[in-house]
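Quick heads-up: structures coming right below.
You will see chain A twice below: alongside chain B first, and alongside chain C after that.
And now, the complex of A and B:
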């Protein structure tokens, strides 16, 4: 990067989103200007970051399912 | 070679010349701008080079059907356990155990059909990987179908075996395992599709597990109704599930994310909406006024089952639509 900047390509940038849930892309993209102009998302994310939220709502739903069913059958049958 | 190919032979030659000049005398100003320079920009209309930004799941029709069957079976196992605990509901508990065991077996068969060969299901069990909802689901289904099947097997045993204390205890234990794994069966499919990059699913991950749980319990209660049980508890369960489904339907209609549009537009939107109406308001009204009107009850039961089935196919279709719509993935990027 330094040698590129020395050669006069001051707008050269290295794109490697380490500070995101992707944690580095094992590939180097050297672009001139804003990476966003090249369809490179600033904050890319891996879908698995949503697992925590998903399992939390699944646990809540499962708890409600069991509690609701037990409640429905709480009164003895006639 | 097609003439509309980018880069063209001409631009390739010009680029080679530029390289020669750059090698000799450093950065070159000016240069060439072939079509789409400096970089083809992904647009909402065309995607990237006319290709969608996301890959489609390779799932076939078996998968949404499995979501329906597995959800209903899981909820049925919970009903079996709750009915067994409440006492004097042995007939209902037996029917629920049958639904759970049959559903568990059909679920496994559907997933094997989707995988192509039965042995591939065994491969799914080589590891347990908590960060993969599909791996968690494979183990859950295995536990569920084994426990629910074994619990029913005790019912089928001769009376002198069945009536023993040990057999009864085993049945209660197996029923508890089936109910616990059944609760996961009915909800994890929401996490499975929600924790993906598909905008239509991903944006609703907070809603999906509760939605699928309500859908599952609604179809389980309706199936048991259809089998001839008229326990008021089933009606209460169906009412509660229909109320939740009505709220979910309202949420889908009002959510603002880019991916939510795929749940309302086109054919997938029509299926989701039809499924929502048949799972929510229709059985809600039918079950509320059904006390002594068997015709209304039958309508509510049928609507709940068809609605639950349509819901899963609708979500699957909406996901595919949102993958094909680069607009969605660009806006959620």
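And now, the complex of A and C:
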């Protein structure tokens, strides 16, 4: 990269998204300019990072539904 | 190594320590010297016997392959920025035409691998992500889970296909097929992370 920059390709950069949830890739690219123009997203995201949040909210919703049902049948003036 | 850890390693679970670092290889594509000849695309198709992906004019660009897909495992993307009318005409500053040979990224935390319910998608000893066609049942979960939109289902077949990282060639000790026909040196097949090459590009 240093030699490329010395040759005047100052906008050349290495695309290697180690900081994202993808955690690194085995096909790296040296591109000039914005990597997004090459269909290389800034922050690629593995969908499984949403698993915990998704299951937590599903469990919360289920709990609330069960609680509501129980409350409805447990009301004293039926 | 216990049986459970072996199994975890075979399916590439994140929880276990996969000791494949020394064997891991990587593509390094230098698009600053790519001339867009598409020889790598042709070589990939020839070696892997990937079927035709249509013989169509995109109408948008000279790049008629358009995108990576079930039958396009390597794609030389043409990144075109047209000149703004009235400013500078057809000067070099206005028009830019760049090429980038795109391919499956073989992610360290692969969305497709984590989504696959059949265990068809595995992590190989080269660090790549490999779809076993004989196990794949074509559910398509991997297609929506890929962060880069690489893997795709073949409509007439139903199963998902993508770049194999030339697993067969690497297993036999050859380089990736895309390397030989390129007219200028562009692809590095050096061992990733461990080599001097990894330090040079950093």
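What we mean here is this: the second predicted complex is superposed on the first by the 71 of 78 C-alpha atoms of A that agree within 3 Å, B and C clash if a C-alpha of one lies under 4 Å from a C-alpha of the other, contacts with A are read in each partner's own complex, and residues count from 1 in each chain.
Operating definition for what follows: a residue touches a chain if its C-beta (ideal position, glycine included) is under 8 Å from a C-beta of that chain, and two chains touch if they have at least 3 such contacts.
Everything quoted here is computed from the prediction, not taken from an experiment.
Chemist: Who does A:26 touch here: chain B (first), chain C (second), both, or neither?
Modeler: The answer is second: A:26 touches chain C but not chain B.
Chemist: State whether A:5 touches chain B only (first), chain C only (second), both chains, or neither.
Modeler: A:5: touches no partner chain.
Chemist: Scan A:38 for contacts with chain B and chain C and give back first, second, both or neither.
Modeler: It touches chain B and chain C both.
Chemist: Examine A:74 and indicate which partner it touches, taking first as chain B and second as chain C; both and neither are also allowed.
Modeler: After superposing on A, A:74 lies in contact with chain B but is clear of chain C.
Chemist: State whether A:54 touches chain B only (first), chain C only (second), both chains, or neither.
Modeler: Only chain B is touched by A:54; chain C is not.
Chemist: Which partner does A:14 contact after superposing on A: first (chain B), second (chain C), both, neither?
Modeler: second
Chemist: Taking the superposition as given, does A:66 touch the first partner, chain B, the second, chain C, both, or neither?
Modeler: After superposition on chain A, A:66 lies in contact with chain B alone.
Chemist: Share the list of chain A residues that count as touching for chain B in one structure and for chain C in the other.
Modeler: On chain A, the residues that contact chain B in one structure and chain C in the other are 9, 32, 37-39, 41, 44, 47-48.
Chemist: Which bits of chain A are touching chain C when the two form their complex?
Modeler: 1, 4, 9, 12, 14, 21-33, 37-41, 44-48
Chemist: Quick one: which bits of chain C touch chain A in the complex? Just the residue numbers, please.
Modeler: 24-32, 77, 79, 81, 96, 98, 100, 102-111, 114-115, 127-128, 144-145, 147-149, 165, 192, 201-202
Chemist: Within their complex, state which residues of chain A touch chain B.
Modeler: Interface residues on the chain A side: 7-9, 32, 37-39, 41, 44, 47-48, 50-51, 53-55, 57-58, 60-66, 68-70, 72-77.
Chemist: State the interface residues of chain B toward chain A in the complex, per the touch definition above.
Modeler: Within the complex, chain B touches chain A at residues 26-27, 38-39, 41-42, 48, 75, 78-79, 82-83, 85-89, 131, 133, 179, 183-184, 186-188, 190-191, 194-197, 202, 205-210, 212-213, 216-217, 231, 233-234, 236-237, 240, 333.
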